[in-house]
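In what follows, subunit A forms one complex with subunit B and a second complex with subunit C.
Let's turn to the complex of A and B:
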């Protein structure tokens, strides 16, 4: 924040970004613990069992990404709307309430962990449903804080100016909040439970989150490459049409085996197979714009991470998702390390990357529009190595998990009849174990990458306080 | 509207397309949901009533559908006690709440969803790991009450931690697992070997 005046929204954004980075670190540390438990089953047994290390691993991920998204929106809000954030003090209050709530939830996960089979446990300790384990009180708190955030966004655009990005963003946030509530009820019927649970999980990560990052991408390309607004807005509409056109009914690929009728095999298979198309469009869009501008940017780390996003989203969400989305294949891959492989590359490629790009856009502004182009001291080795290590680390984990997943599909699912015996026969097979070992190695590579990334974010642009002319601002 | 770009590349065309496509897909999803929900309510053909825990449950190959499907047979009450529909629902509900409260999905999968650190529980009731049908209830109960002492890790060294279930909670979990095994999951898990009647 050195001698640069940030607007109100940006100040709040920085707070969200700081917590996001801390949770990112928590995600990877608990990921290392979970990975270790595969290799040494007695590690932390009875102290912090796998179910809790893994819960913190995936919950920290969901929450840091939400913090990253909320921060990104606050960051661009005043610039995009041409108006100071409406109700900013409520936004600030919501940040502190949400952060306090997240802290309490994590402490309860670590020190209380689980509870008896009654309603108190579900309201105050752990709901026990993957990804949305947070107890019900926290769900309500999240909805309240999110409503404040939504009010800030909608009211600011309403008082300032609307744009295509603003319209898509606002409608998408309504959908995002509404869908979360589909996961906020109890039912004994596991089929019904999972039917609605997927509305939250799938329609978040494979629909509304994708559109949200589409908005951030559109704004980011204007910012880093000075692409014309008309072009990014048109692309954004194309992406919305393709994304919701394939992703809404693509939900059906989660309805193959949970008790739902057989017609979902066809609907889910067909529409989810189309889901990579918008991701291809995004790659074309990003690469085309970068090429037209000869990759000239005064924020190369941000541009590099935006391009990493375009490719990561396509490969992680698109290709890795497509590989096991058809029911004929999914019958053997569902519930194996295939899903973990896909999850690692997709969440990183589609979401972590673009939030990191926003971190760099923010950092550049905070350092007085420092030139983060090609003239960085030490040739910018830190950001380049962080980019390299993180991508190699996550791709390495993805491939290692995929090999374990292949082995599981063959031995547990196809040959040994999916019984407990079959499960363990697959788990002790050398190919599986080697996959887990390599996953650990690449997990450490990823961790080093995060350390370097944080170091770089704290220092980049400080050494050369070059101030660029105002023309670098997007219009 | 715009003279420089053709209509199919114009902002307004894609804006309208985005709105229409999203709207239509959402409406279709609502219709499909309204069609699906009655078919997966407890007591439907695909998702049986909770009192199915009073019956024998098998998982047999169906030639017409070319997959294994649950087959509900004669009376075979859980722990030898016939329950009313209401009692059965209460017991299975307790089991589900234990499963959520102990965060079982943090290691296991249910209907294939969850974590991959421990076996899938979709057809756990039918698993040959419990010896035979005659021994099953007792073995499952003992396992849940002390999974360290009664570990079933098949040479992997991976054991389930003792989650300190009460006997009442363990019985409720078994009731839930029995009920879940009777759900028609379109043949998932594939090629499943079912527990023998006699040891």
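Let's turn to the complex of A and C:
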């Protein structure tokens, strides 16, 4: 590994990947703490309350995925553009500034936690907007660091070679950074505040992140399956059209109950129902490509995670999303464990999987293009078990939360009309409690999975590959 | 106007909603598989999956009270899920159908040969 010369962008990418993995671990550990607090509400009470463990759990997820995306882009940048990263020094500086800022923000979350509830709190402790709680100074820092990242990407492509992937990626990064600013101004009107806040959350997750992942996927397919550039580029354009066509106004499903005009019910319902169509359409393309390529790859872990991405995206975003997205039913499910169930599978399926695939692509290169196909000395048991445990763990948590969410929407929302009585009746119901217990069990399975994943990433491809007799080569 | 789902229809709505997407995915999968393997018999399963989708959409429409202008949504889902695999298949054919035929030894069309020549020239130029 260590003898391989990495280009400047790749060296920076490795730094981003390392922090991404650390934050992934933090996400899972704080998820376990939050899950435990459902089962034993006194656990860490007064020391680290549920609101903080959940905040760190979710923020760590958002940030590790961003680190994974940024790392992935730096990894492919020089190769894709045919030019060294322009302004790499600034890129490195931005990495350290961003990482220091993330560290300070997490330490403040953990040790300061709350403030007087005025502008000081908003600027220096916690902004209070769910998922993007980072205080205002950190918001500004994030935008500055993102601007440096954008400069690196755009200037490198400008001085090197433009391609379809380069164009889509660059435009997407403008949208990504621009949308973040929609969540950065303060208003005392909660409806207005939520209206803009959803621009960050929805339009990141269901539009710009999807397109960013599309770019990484396109590049990943060229690497793992040697798919021709012309093909992946055409598909990238189609994907962008389909995703933006349905995803932008799909934003309406978040506007159902925040005090926006009634027409959002129709717009949100209509476009949300169309959002899974691109996912269904992509099934055809996946079958077509796998039929043509015969799934041959010398990086099986990466390919397996790309396949997990296709399925996870389809089920997590498509099936789990559509089940409760129409306003006629969302009236009861909004904000219950239903949403958590959908969130767990969709974030893992659509984003975690593809970032892990990129880790394996990077690791293969770092280990001198080691053959990560079927000739691994340990038969690749570590990556296979990590893949299995992480997927079983997340799917298990998803189903457990689904059961709890079903009970919650039924008893708390529909039967007892969202009253306090209904809330407590739902929280102590055996279906809810057992769902939470099973969520904890599968959370532990997920934790074991990530332990194994890290072990595998540190060791895979280091040993010499096993040479098999010619007759078994094709297996 | 919005008419919320009745309590007794909760499970039906969740189940029908899931079946719309699952059957839609299955239809797309069988459709593509049938074409790529040149097995027309599989197309029956594809359309059987679409029938399931069709029923699921109608059940969802009824249980979720998709009346009035909400029927547009029902029609859009029925047409959208029916046509999407066809459209994407055509695009697949247009973008890399010739590669499929080359690999499988299927007789190439004149257009395939032109594409093959163009691709070869492009690859040479990249080198």
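Please note the rule applied: the second predicted complex is superposed on the first by the 455 of 475 C-alpha atoms of A that agree within 3 Å, B and C clash if a C-alpha of one lies under 4 Å from a C-alpha of the other, contacts with A are read in each partner's own complex, and residues count from 1 in each chain.
Throughout what follows, a residue touches a chain if its C-beta (ideal position, glycine included) is under 8 Å from a C-beta of that chain, and two chains touch if they have at least 3 such contacts.
In this text the structure is predicted, and so the values were computed from the model without any measurement.
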First, second, both or neither for A:228, with subunit B first and subunit C second: second
First, second, both or neither for A:458, with subunit B first and subunit C second: neither
Which of subunit B and subunit C A:238 touches, first, second, both or neither: both
Touching partner for A:41 - first (subunit B), second (subunit C), both, neither: first
Touching partner for A:174 - first (subunit B), second (subunit C), both, neither: neither
Touched subunit A residues, subunit B compared with subunit C: B
Which superposed partner A:414 touches (first subunit B, second subunit C, both, neither): both
Contacts of A:287 with subunit B and subunit C, given as first, second, both or neither: second
Which of subunit B and subunit C A:331 touches, first, second, both or neither: both
Partner chain in contact with A:112 - subunit B first, subunit C second, else both or neither: neither
Common ground on subunit A, meaning residues reached by subunit C in one complex and by subunit B in the other: 230, 234, 238, 262, 265, 331-332, 414-415
Complex interface listing, subunit A residues touching subunit B: 34, 37-38, 41-42, 45-46, 49-52, 54-55, 113-119, 121-122, 125-130, 133, 164, 168, 186, 188-192, 194-195, 197, 230, 233-234, 237-238, 240-241, 244-245, 248-249, 251-252, 254-262, 264-265, 267, 331-332, 334-337, 339-340, 413-425, 427-428
Interface residues, subunit B side, partner subunit A - complex: 9-11, 14-15, 17-18, 21-22, 25-26, 28-29, 32-33, 35-37, 39-42, 46-47, 50, 89, 92-107, 109-120, 122-124, 127-129, 152-159, 161-163, 166, 169, 172, 180, 183-193
In the complex, subunit A residues that touch subunit C: 228, 230-231, 234-235, 238, 262, 265-266, 269-270, 273-274, 276-277, 279-285, 287-289, 291-292, 314, 318-319, 322-329, 331-332, 406, 409-410, 414-415
Complex interface listing, subunit C residues touching subunit A: 2-5, 7, 10, 13-14, 17-18, 20-22, 24-25, 27-29, 31-33, 36-37, 60, 64-66, 69-70, 72-73, 76-77, 80-81, 84-85, 87-89, 91-92, 95-96, 99-100, 103, 119, 122
